[in-house]
Structures are given as structure tokens and as C-alpha cells.
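Next, two complexes with subunit A in common: one pairs it with subunit B, the other with subunit C.
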Partner chain A sequence: MSVGYVAVQWNRHKRVYDACVIGGILLYVGVFFSVGKALFAPPHAISDEILAIRALGTCAFLLLHVILCIGPLARLNRRFLPLLYNRRHLGVATFCVALAHAALIIGYYHGFGVVNPFVSLLTSNTNYSSLAAFPFELLGLIALAIMFLMAATSHDFWLKLFGAPAWKRLHMLVYVAYALLVAHVALGILQTQRAPWLAALVGAGVVVVASLHIAAGLRETRFDATASPLDGDDGDWVDVADVGELRENSGHVAVLGAGRRVALFRVNGRVYATTNTCAHQGGPLGEGRVIDGCVTCPWHGWQYRAHDGQSPPPFSEKIPTYRARIVGSRVQINAKALPPGTPVEPAVISEHADG
Partner chain B sequence: MASFVLQAVAAYGVVGVLIGAAFAFYGVSRVDHAATGGPFGFRLMIWPASAALWPYIAFRWLRAARGNA
Partner chain C sequence: MAESPKATSPLGRDEFYVGYLPVPTRLRRFLWRITPTLLVLLAGIAWILASAQRDPGAGIWNDAEAKTFVGVIDASPYPLIRVTDEAGEAVTYLLVEVGKFGGGQRAAPFAGKAVRLSGWVLERDGRRMIELEPGDTIHAAEDVRDAERFAPPRRETLGERTLRGEIVDSKCYLGAMKPGDGKTHKQCATLCIAGGIPPTFVTRDEAGRRAYYLMTNRDGGPFDERILPLVADQVEMRGSVERRGDLLIIRTDADTIRRY
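Take a look at the complex of A and B:
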């Protein structure tokens, strides 16, 4: 949240997360190297440099799969939310591993001639019309540039400077990078190795990523179709939930229609409603909890007061609020969002409504 | 052709490194007041993207200097 910037907003969870990421990377590269040495013993031995290139390349590709799967997994099952919390650090780590892979390749394959290594990289293979001999390195280079841009703009400063929607659009380029890397692998190592199990492994990765995104997308679409606007005199009110569905100090996501969602919070027998979209990265506030009296986003912990949608001092973020009322045991929300930071009276739950 | 492309990229990068450094270590607080007094580590963190996106950064900096952040 935006009160003074620091290099990294460390906390215990992030330290543990980063330690696991770095440990996992080192373990993977070490195991890959050791197994590679054992499998490719003389007379079929391959050099340490090539083993290192393959270890780092596969590691970065695997990490990118993990990054892409975390989002839909967290939508499908809340138990994956802790992985989402620090996904940006995972992205930066992935870029660093991919950069090491690229640096080794340029040094090993293009660094020992009289031609500039980068000129050599761009000119040593120009078979753009051939699939079997396509200069796949170029695809990896473009993907690396995209990953650099995302890693370099991962600080909250850039999120605020660009605005959340533009920042999110920029970071959706990860899918372009992924497509380029799949092509990089398919036209590179899969052409030279001709190993069916390797092709099957890459294919399985693509299927897992695509399936999880489709499953999460279908779930969201089905949920959005459950909106039930009220017929009658005041059409702005939407019936969204039963009082009994709301748990004390927990969020509840409801649908207003036209793809809009509202987050309901039950606090001390009162119901508050805010937008479901966090001002930080669009996290689902209704899947969060009320902590220290504040609505807390489940993605990165940004907080807002339930009664006016403002972050507690000294922070200054604001989100839209909604008017709520209770009719019988049903919670109804006025679909007209109030300007961000507008104080609103909560709906009071009577003993009768609570059942 | 490849040499020309690389020279163009290198020229863009050199200008970017200089403008990015000036922005990260001096101009950033003009664009975002929350960056005022930001520690060295923060400035180091925003330098690479400031260098890569220097035309946009220069535009934002100029706009802020004209009093329209």
C-alpha cells in the first residue's frame, strides 16, 4: 500500500516463500546436473556447459508453468492462495534463471568467434522458412525480453504509475512469452532430441495450463450467471444472498449482473458491501476476511475499512462501497456503486432474519 | 542489417540507462510524491524498467515538471 516505497516489503511469509523458491531452483539444477552426468557417461558424455544450459532452460520453463497455473488453481481452490501471495518474486526468479540460460548459450555457442556474439546469434541461422531448422533462439530471446519487462515492472511503484488495469494488461504478456517459449522448445530441443517422452512432457504441460484456465474461466462464467435483479418498483436493488450464508468476519462474493461482483462482510451483526475488486491487483475482496476491523484482500493483504472503503491511515487507497438492506432473511444490494471511499450505513441483521 | 539493429538497440539502451538513472535517483519524486525520500534499494529496483521504458518515463517526467503529474 502506498505510503513510502521500499526495495522489497519483506515479511516472514515472503522470506519463507523466497527461501523455498531459491532452494527449489538450486535443488532442481543440482539434481538435473547429477542425473545428467550419470546418464551421459563416456563415451556419450556431454559437456558441463550443455548440461547447465539444459538444467537452467528446463528449470525456467517449469517455473513458468507453475506461475501460469497458480492463478487458476487459486480460483478453483482457496488452499492455493498462499502461492499467489508472492507470485511476483517467483516471476523475478524465473527471469533470472532464464537470463542465466541465455547468457550461457550466447557465451558457449557464439562467444568464441571474431563476430560480435549478438550479431552471431542473429545471423548464424536465417532459415525462417524451415520448421525443422527454424532459428528458435530468436523466439527465446523475445520471450526473455518480455520476461525482463515484467520482472522490471513488478514493483508496486510501477503498478501505481501505470494504474492497475494497464499494469495488468502489461503483465498479461506472460501468455505471449509462454507461447514463444513453447515454440522455442518445440522448434529447438524437440527437433534435435527427437525423444517422444520429451514431446509428450511438453504437450502435457501445455494441456495442464490450458485446462486449468478453461476450468477456472467456466467456473467464473457460471457464477456470474447467478445474478437475480428484483422485479418491481426499485430495479436497482439486487437480491444477492441469505443472511445465513454470511459468516462473521468473513467475506462473501455475490453477483450484481453484467459481470459485476460485490463483496459482502458480516461484522458484529451488520452487513457491509464493497466492490469485490481490490485496488491493488484486482484481487477478490469477498474471498478475504475481516482482520483488525478491516476488509483484507486474500491476494496481497491490502486492507480497507468496511464502512467507507478507505484504507486505514496512513494509507490512502479507496474502493467503491454499496448500500445494503435486509428484507426478511435476504440481503439486497443497490447495484449503483457509490464513489470510492463513500461512508455507508450497514444493514443490521435482526435475530429473526438470522434464523 | 543485424549490426544496424544491434547498434540501434545499444543506442536506445545507453540513453535509457542515463535517463533511467536520472529518473530513479532524482526525478521520481516529481512524478510520485510517495517516492520522496525512498531508500537507495527502491531506486535501484526501479532503474531497469526506467531505462527500458525511458520514452514513457521522459514523457511522464516532463508532464509532472509542467505541473500535471
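Take a look at the complex of A and C:
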């Protein structure tokens, strides 16, 4: 959420986050390298370059697991939202670690030879029909290209340029990259190390990532299935909540049907309704709060005025709003979304309705 | 009405995290606990994975100190030099260049001649190699009067054998890269052998003892490029084995090699 673009809108949280990420990467690589040097002393020493390649490769693979787990973890437990806030920096850091891994491999394994290192990378092994001999490096290379694409377009400039839906689709390629990297590991280092427990560890990582996504997905699916049918006599109005469920200055998510969600906000005894989807990265606005009179997204803190869905000046982002009414103690929403930024009269909560 | 799918949390009801605002107290406490825990976990995983690596073997690459050797060069099937060790025993060193190149170009003019050369020694399981020092470092050794003691050893035919093992590039396997075998080293080994590094077939017996067979074509010449797709794979091959001094050589054909 910004008027102009800067490389990074630094704040204390981002500095601490990045310090932890960089510290964690240095710690991991340092421990891996030091332990490798200590345990494999000459003449059984592992080459320094290979130790570094393995340290960086395993680090990037591990970080990718963390990145993939943050999303569902934050859906299941909001204590993990601080990890989500600056996830893009973690993604860029992961790409840099993976790039260092690839650069060392290209220089060390493919350098000093009869052909250009990049030519060697693509032509030294063409056993595409053999699983055992398959050129697993190619899988890593494609995954690295995807990670580059994501890292290069991680800035909000690209988000705005592509639009949130297209940008999100592009960044969903992370799952393709992950699948490629699992195959890269399975057909590469696991064929060299041949330790069953290492294969089990990689499998466990896949299971953890998949399980968290399934758990979070099931939760969302079950919630979407609770949509209230449209009132037969009253057109597009949908019964979505009881007034008593709404807390002052707090959001509430409700289902309109067909996978559409609406965010309800109770502010000074009035109920406002906006789309549940933040214009930034699609964060769930109904899980946010009202801060300084503005609906605030729980993911990255983007804000919109509750009465018209517009970001407060000088910002210009807009989200769709909905008409709301209260019948008895029930909140009803007109399922026809109003154009983004449309002012709308709130539904006023009477003392009787509030119970 | 069903409950909202809001993420569960023990955070206080009014605590809400926004990245650019101060972190709520209970969440800050949680982050202070979880961050060091994650870092320790990260270090622990690094420790476990680093210690799980396979022993790369006892290959040595003495690249800190170049040594000088006097002996007779033989250029076929691969460039090598025969010298005598301190005990007076004939010892064979394969010759390669710096990088992923065989030593044929510089060694060929000296085939059959006594020379003095310098380079860095690689050694594993009694197999030896010299990485030639760049520059003008091979000279005819006119002062060697008893060159016949370096004469090619008698060939001892050991018969046709079927062997299982891995084709490696001898330079990396002897110590230039550790580990210098296996799937992750396949492309490097392919590049090395394509560059003239002698291919060696390494087998293991049931006790884990390794045997090294220098690979040649059936006619005894350097192996052709048909070998390249099979480098670093677990393969079976059939060939004629012979002993030449301290070297074992297998004469085979790429058509007889298959993955298993």
C-alpha cells in the first residue's frame, strides 16, 4: 500500500524479519560446513566446494518448505501471521541461496572443461528415458527459473501491473517449482547418498506441506458449505450473521454462496460490508480489524474505509462494498457487489437487535 | 450460522498484528520463544544432514606442492609415466592436465622416452596420477642411462570377465573431487572423460574392496565417446582383462555395457 514505489518500505518488523532470515541462513550453512569439515577429516575430507553446494542446496530446499508452510499455518493459527507479513523477502532470500547453489555447481562441475559450462549443463547427460540416469540438474534449473520469475516480480510494482489475480496465479508456480525440486532431490542426491532415512525425510517434508494445505483447505471448504440460501421473497438478500456475533471494531467473515465471501464490520453500532478479498494479495479482510476507522487486512495491513471501500488518502486502492440491513437480530447482505469504492449506508443496530 | 473460519489463536481478543505497528504483547512473547527455537532447529537439521554424508573415500590430491618425477612416458592407451619408487619398484602414474583435460597433447611427443616432469600427485588405493604443472614442465631426461628399467611391463592376460561397477573419471575419483563418483557427479565425470581424462571402471567385492580397471576399446585404444551416456551409472560390462605392471586394464566394447 503505497503512493509511490520504493525498493522496500522498511519498518522495524521487516528489519527484524530479514535479520532472522539472513542469520538463519548463515547459521545453517555455517553449521553444515563446519560439521562436514569436522566429521570428514583428511584423507576422507569432502571437497569444500561440494560441502558448500550441499549446504546451500539443502538450505534452499528447507527454506522452500518453510515458505510453503507459512500460508496454511497462518490460516490455521494467526500467531503465524508475522511470518506471512514479510514472506516475499524470505522467497527472495531462498532464490538467492538456490542461485548460489546453482552457480557453484555450474562453476565446479561444469567449469574447466572442453565445452562452455552452460552447454555442458544442458548436454552432458541426455538420458531422458532412464529414471536412474535422468539429468536431474535440468529439473533444478527449471525450478530456479521459476523462483527467479517469482523473486523478480515479488515487488508491489509487478503486483499492480499484473493485477492481484494474475500475480497470484504466477506465484502459484511455486508449487510447480517445489514438485520439480522434490524430483531434483529424489533423482539426484538421494541416488548418490542412498540412505533410506534421507528419502524418508524428504517424503516427510512433502507430507507436512501437503497435510497443512489439506487441513487449511478443508477448513475453508467446510466454511464455504455453510452458505445461507437466498431469501425466496427478497431477491438478492442473504442472511449471513446474528448481530450478537459481531464485535465492535472487529471483522467477521460470512458466506454469500458460490464461494463468495463478505466481510462484516461493526463500527459504532453500525454494520458495514465489503468484499472479503483484499485488493493487495487477496488477504481475508473479514479476519482483520478496524483501526483508525479503517478496515485493516490481517496479512499486510492494507486499509480501506468501511463506508466506501476506498483506501484513505493519499492512497487510491478500492474494494467492492455491499448493502447491509438488519432484520430482527439478523444481518442480511445484498449479494450484488457494488463497484469498488462505492459509498454505502451502513445498517444501524438497534438496542433491541443487539439483544 | 456456522462459526467463522478465522484462524484459531490464544492471542488476546483485542490483539491484532499489523506489520507496521508495534507487535502485541502476547504475540511478541510467542515470537521471542519461537524464533530461537526455529534457529536451533535449523542448526540441528544442518548438523544431521552434514553428518549423514557418505564417506568420499581416502583419495588425496596433493595440490599444495608440485613434485618432480623421472621416468618413461607411455602414450597408449592413455598418457602415463613409469617411475620407480623409493623401494625400486616400478610405479605407474596416469598423466592429466589442469582442469578436465587428459595429458595426451603434451605427453605424446615424449612417448617411449625418458623424461623429467613436474606436477601434483593424486592417489587413492594405490592408484596414482600426476596433474602436470602448466608450462614447459616436461623435458627429455638425457641423463637417464638405465631407461630400460622403466620399460613397459609384460602383459598378463586374465581372461574374459563380466564385471559390475561404476565408470568414473579417474582424476576426480582419485581425489580431485570428493566425492568423485555417483549420480551427482555424473555430468562432471562425463565432461572429464570427454576431455581426455582416462575412464576407469571401479568394482567392489563383497568385502567392499575396490578394484580399478583402466578402460580401453577392444583394440586396446582409448575408449570412444559411446561410453559417455553410461558414465557414473551402475553398469555391467564384459571384457578381456589384463594386468600391465601395477595396472589392471579391461578391453571392452560400449555395446556390452548396460545399466543394471
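Heads up, the rule we're going with is that the second predicted complex is superposed on the first by the 348 of 355 C-alpha atoms of A that agree within 3 Å, B and C clash if a C-alpha of one lies under 4 Å from a C-alpha of the other, contacts with A are read in each partner's own complex, and residues count from 1 in each chain.
Here is the rule we go by: contacts are C-beta pairs under 8 Å (C-beta built on N, C-alpha and C of every residue); 3 or more make two chains touch, one makes a residue touch a chain.
Computed from a prediction, not measured in an experiment: that's the story for all the values here.
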item	value
Touched partner set for A:211, first subunit B, second subunit C, both or neither	neither
First (subunit B), second (subunit C), both or neither touched by A:6	first
Partner, of subunit C and subunit B, that touches more residues belonging to subunit A	C
Partner chain(s) touched by A:268 [first = subunit B, second = subunit C, both, neither]	neither
Partner chain(s) touched by A:350 [first = subunit B, second = subunit C, both, neither]	neither
Touched partner set for A:132, first subunit B, second subunit C, both or neither	second
Partner chain in contact with A:286 - subunit B first, subunit C second, else both or neither	second
Subunit A positions touched by subunit B in one structure and by subunit C in the second	none
Subunit B residues touching subunit A - in the complex, by the definition given at the top	2-3, 5-6, 28, 31-32, 34-35, 37-39, 41-42, 44-46, 48-49, 52-53, 60
Parts of subunit A lying in touch with subunit C, wherever the complex brings them together	11, 13-14, 20, 23-24, 27-29, 31-33, 35-36, 39-40, 42-47, 50-51, 54-55, 58-59, 62, 74-79, 81-82, 85-86, 108-110, 112-115, 120-121, 124-127, 130, 132-133, 135-137, 187-189, 191-195, 197-198, 219-220, 222-223, 226, 228, 240-242, 245, 247, 252-254, 286-289, 291, 296, 298, 300-301
Subunit A partner contacts - residues on subunit C that touch it in the complex	1-2, 4-11, 13, 16-21, 23, 27, 30-31, 35, 38-39, 42-43, 45-47, 49-60, 98-101, 177-179, 182-188, 190-192, 194-195, 229, 233-234, 259
Subunit A residues within the subunit B interface of the complex	2-8, 116, 118-119, 122-123, 148-149, 152-153, 155, 157-158, 160-161
